[in-house]
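Take a look at this one; I'll ask things after.
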């Protein structure tokens, strides 16, 4: 799977360079030490783009590599191969701390767990103030405080002056998660990587944060990579949906298009499993126990083939690539039919 | 066997925290009939697990039942001796815990844990029963020799359910058995539970924080908020016409993957701290429909059509005192 | 009977071993046999059950008990001799050769006869195996040959060797050739464990375990009727406290222990509990005489210290009076009264403290109140009495304006500093000998010293004076009267140069219980050094003890 | 000993939770902590102003008197030593050295544990392997024999030597715990957040990690201090300290040496040990209470009648 | 397999480190066997020159003139091959193996038994205390044993002595391993004597060591009892005793087991003090003695032995955890 024509077909359609582009992004992890060394393919040759002021949802089952992609983009992990182009420039060309800081300022991250993403030893303003100090060094101390108050208020926490001086344990989960957004917002970002930012929260609070995301996109013009395994919430906020399975992006396209007309059998399975009180109970694949695969030293072939009701011989020998099957709608499946129109 | 399998009245549970006790379960009533699937929903920390453990008499300090009765098959479990309880346990009602990783003893094989259970009761059990129930939930009996950590999350949950079926009890109490699973696995397990229930006829109390999950499976629905039951009724009735603003808000907080895309609001604010609940109605600080009486009068459960709701908006006729 | 020595050195008052108890008679069957004596002397370890007399770590339980010397030399009686395996000895006129007459009729404890050959063998082995020659007889004393002719054994030396008589006649135990010439005893005599020792001594080892050595009377012993006591128990003690307790309770009858508060703890417990602490050597402040030490190399400073000390007080407070006060001549009294020049001491004003003189001397040396003399004295950790003594010394010196700092050191560090001369003042003691010559020679003879940084043998003060050396050199060949004169001359240098400042006299710690046992050495009858750790004196005591209950 | 007590340290999640201003209140509310703190405070007072607690006649605790081995009396509250020194005065004046050993050695060992433990966890790879191995080696090395050998041969047996030896042998247990905790912190979201923010590694370790480990560090210090008190006293008791110094261990050494017990002076033989024990107890109580404070599961509970009202 | 190799590597490395430390530390410090010997000899009144002493020591296998590295290599070889030489300290000339052989049974008997007893007892009491959370035992256990676990060994020893072994006719002996007059044999008298002499030292070790185990076990137990599987066991109607030992106890015990091995080093330190106070002629006392008298061969052998003992115990506990904990089994 070395062809690069996917990138060409995938990206050339948008005239301007996308905000961020991943090319053949790959990350492997070594598991076990010494003799029993094996490679876990967490993310394998993934291509995607994120446009300006766009919310891209990344969904998929647990362990499919969603967080790994976020971490690769955030620069926590180095890619095993492939590259990340930010505003057309590869991040691997960043040498100076200034370049790196600039990128980090533009692409912050919001974490999944509001209970562990704030340092319990500091007031909740700590992270916001540090971000300001690092990324907007021109501000004076007082200005930083002002600015912090502003962003904390911007995420709907008030009175900001009071909230700022609390310790994390004095805030509820929803409030903490908002602080997480405030931290990301502090330095005028272009793209926020949000790794399951609402999954740990109660349903009653979730929607508020999703609304906040949409609002931030509108008012501040930031883009989001919204990672979730909750398809319904992805539909609620995202313009585009990417579905991952076992380290591969198996389907991507405009949210509605993917939901109404899933091309990949995994997407089908996933959508069927989403409980929806307003819809009748759908039938999933009979006998599927939903066990996700571990991708250790994989052989070529479709990674979903063991669970796939439609699998053909070819699926066992050849890894399917993303194919354009509809308007902006791509899927990596040998048997999926293109749209009629 | 009476139709009324379980009858919980005025059940109150307190956690002793040193200064002020936390009333995690506050005067809860609950009825379960044989073969019924009762869903209990509510947000994290509202006292769902505490309620289940109180019913099963599994609380340990600092929690204690400070009031109420739990009648199971006509006997009060609260006042029952540990010895008599032991005899009832697992034979007549069993429990499936939230996380199977923690609920299975990590140092004993699945088979050994089955054996321990069988040995603890003098119920005659065929030797192949463990294998049989494992097969029932779709696990190869070969795993009787496996240790919990050798099974995947889904398999562990299934093994737990198999274990709960060991003596074919009348009631199985389940505490978020699927919350650790992936959506696909979650759905598959739910379908299986439902099928087993149909097949074997046991009643289920099913706790979850995901309202949509139980929508298709449960017969009755109990909505809890801050230690209290705020709405109770047939599942469909609650979904179609929620009578408590909290239930309504919960339903509103679920985006759907089908149908028109509507903006949702959710519920502003945060659940109260149970050590110092707000005065009057506990939902009142977050309630979009609150009026001046709400902080003053503590509402009771009122019958509203097919359901009961704990909301002053519904004060038409107080719920009848039920006799046991 | 047993013959006397031919030519005893020194005071020849007692020459018959059995008469030493002073109770008259030839000693044949004087007392009935019976009884047991238990010794309490802390060894700080369990017994290794080795009885090799050449192994310095274990010879305390072998010599005197099982192995005997040719002649016993009594330190407490200025070197009076008692014939043992040799009935007598004769020096050549130049004192460079000595002939021992070997006793007839002595049998080894395995029944084999003892002969002159055994004596020759013992000394010859020491030449062949230098590790056996603990007293450096062949290398240091100048022994050149040991030959036997009939019952005569002749030791020839390069030069006059009388000072070594104490070593070769008294301290070397004679071993049986027929045992030591075979097997491991022959191939590795120094390390041979010798668990079942065969000797000529009054006792044989009955059994030995880590906890206890049990000796029984040697049926073949050559002194008729002796030993009177039939058994000796020598338990291993790891610590002073239990040993002291056993002594106090009478469970052990013979002690070699330092017991704090002895009158209260020991003596008051029973009228039969007795002690006697005979002095044998000096405990002294050793000033570093080396010129590299600006203060202590000054005569005035040393003198000032000597004048400032009130030795009686040191003895009384620091040593609870157990150790008597010493004097500046370096001659231990009353043990060596004969050599003591009291007049010289008084003339120099050292007989009592003289603070004015001390202050004046310090002034001469350039010290004053504004420029006080600060000195450091090293001592050994764990020597409580020394610490107390030094506390007193410190107070006394403070009175004349000397600031003394006491530095307690671990034994090893202390030794290191002392031997290599890395100190101002050291509190120290050495062992004595049958006459003051032995101690003074260790302290003052220039061949016993070494440059700073090198280990000195015994002259740690680094005192060097050719005239004193000459006096020591003359001693070996001199007759007895001259020897006394020589020692008095040497002690005059002690007064004049103050190379060493004696404070108290170190003693033998000795406790004895008279409930059942009699025949103990006492102040009135000091027939041997009485503490059980003295070899071979322990043999003398054991052959004199008898059980009272057995006499009935 | 200390290892065992410290072993019961709290799980990370709760250990890192720091109530604002509440630590002091939490201590006040815990009975064990109060007893421990009061004891420690008392010892600190004794160490700082020993003169206040000693009657004027005995202000020089080393002064040699002419009444040795006296039983306790009005003049000498705990009797006198073999040199006639006042035992009570010695006891009070000894507090300082014993406390200094505990605190300095405890601090030193804790600092070393933090440095080694945290760098092992943070550097990872070979550095981690090496440092962990080193820690494990020091952990299983029989330290006390090692201390004896060190203290004996390191010459004077003075305070500095003892403290250094205690530090060298006392850090390993803590380092292991520090490493474990730092490892578990390593991938906590707030640290990742700092990394994503663009913080430097050194900043993260010093500013973000260490404060969250405070509770473990304090527990560790208390454990190490306890260990130091006991070990130092043991050393001095064996005569491997500086025998002319004033400390409880040295007092015990002299008492043992001069047969305090057999001479019927239990007050002299036992009181310094009691002081060591009390100081140790105060550290142990604080340590345990600290565990309880940071891990509420361990707190004592009143066993309520489960079905009182029904 | 990999696990095994790692553990073995650790074992060898630690041993080597211990041996190296043990070789160099004494030699880097002032003092030497010659001086120690010389000091001892002067008590008997003998004046022996340093040269003569070196001759004697050389005969016993100690040659200080040799190159240090050569000595080191020689030392490592002899340690490994078991040629531990002869004592050059207060037991000059006794083979080190004999000395250790004589002392070892006493230490094993006294310290071994009481340490294991303390561990077992502590674990049991801790289990019960943790199980009956809030009960009478649990009310007493933590405060009391926090105190005992902070007591110095030697002080407890002294206290016991002053309570039981002081005066002219003490209840119990406080010194040595058996009455001095007896010869070791399997007679009632001898065995009784051994027991009598062992009571106080054993009690000392028990009192000071048991507290720590009780506290850790109790705390582990409390933590374990909060686990779901314990609640689950109750839900299954499994009898209390079985839950206490089979479910909670066993799982709470596992971390303690490795703790036990690791803390053996501490136990040995206590041993030295206890044996010293009670003059118990075991390895601890011997160690002290060997140190004081600069007895290199004995010191080295003892250190090796002690390290070996700790390491073997660590390995055994690893192995036990390996057997008892299926998780560890698959991880390896």
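Which chain is which? They are A, B, C, D and E, in the order written, and residues in each are numbered from 1.
Keep this in mind: a residue touches a chain if its C-beta (ideal position, glycine included) is under 8 Å from a C-beta of that chain, and two chains touch if they have at least 3 such contacts.
These are the chains along with the protein names UniProt gives them: A, B = ABC transporter ATP-binding protein; D, E = ABC transporter permease.
This one's a predicted model, so the numbers in the text were calculated from it and none came from an experiment.
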{"item": "Path length in the contact graph (chain B to chain C, fewest steps)", "value": "2"}
{"item": "Intersection of the contact lists for chain C and chain D (ABC transporter permease)", "value": "E"}
{"item": "Greatest separation from chain B - chain, by CA centre", "value": "C"}
{"item": "Of A-D and D-E, pair with higher C-beta contact tally", "value": "D-E"}
{"item": "Chain B and chain D (ABC transporter permease): spacing of chain centres that average the CA atoms, whole Å", "value": "49"}
{"item": "Inter-centroid spacing, chain B versus chain A (mean Cα positions, whole Å)", "value": "34"}
{"item": "Euclidean distance of C-alpha centroids - chain C vs chain E (ABC transporter permease), Å", "value": "41"}
{"item": "Junction residues of chain D (ABC transporter permease), two or more chains touched", "value": "152-153, 155, 256, 261-262, 301-303"}
{"item": "Junction residues of chain C, two or more chains touched", "value": "241, 410, 412-413"}
{"item": "Interface hub residues of chain E (ABC transporter permease), defined as touching at least two other chains", "value": "30-31, 133-134, 292"}
{"item": "Partner chain A, residues of chain B touching it in the complex", "value": "43-44, 138, 152, 154-155, 158, 181-189, 191, 209-213, 215-216, 239, 249-259, 261, 263-268, 270-271"}
{"item": "Footprint of chain D (ABC transporter permease) on chain C - complex, ascending", "value": "240-241, 244-245, 259-261, 264-265, 317, 320, 381-382, 384, 387-388, 391-392, 406-410, 412-413"}
{"item": "Residues of chain A that touch chain D (ABC transporter permease) when the two form their complex", "value": "71, 74-76, 100-101, 104-105, 108-109, 111-113, 116-122, 127, 130-131, 134-135, 167, 169-170, 180, 183"}
{"item": "Chain E (ABC transporter permease)-facing residues of chain D (ABC transporter permease), complex", "value": "1-5, 7-8, 11, 32, 133, 136-137, 139-150, 152-155, 173, 226, 230-231, 233-234, 237-238, 252, 256, 261-262, 264, 266, 269-270, 273-274, 276-277, 280-281, 283-285, 288, 291, 297-298, 300-303"}
{"item": "Interfacial residue positions of chain D (ABC transporter permease) with respect to chain C in the complex", "value": "62, 64, 66, 68-69, 82-83, 152-153, 155-157, 239-240, 242-244, 254, 256-259, 261-263"}
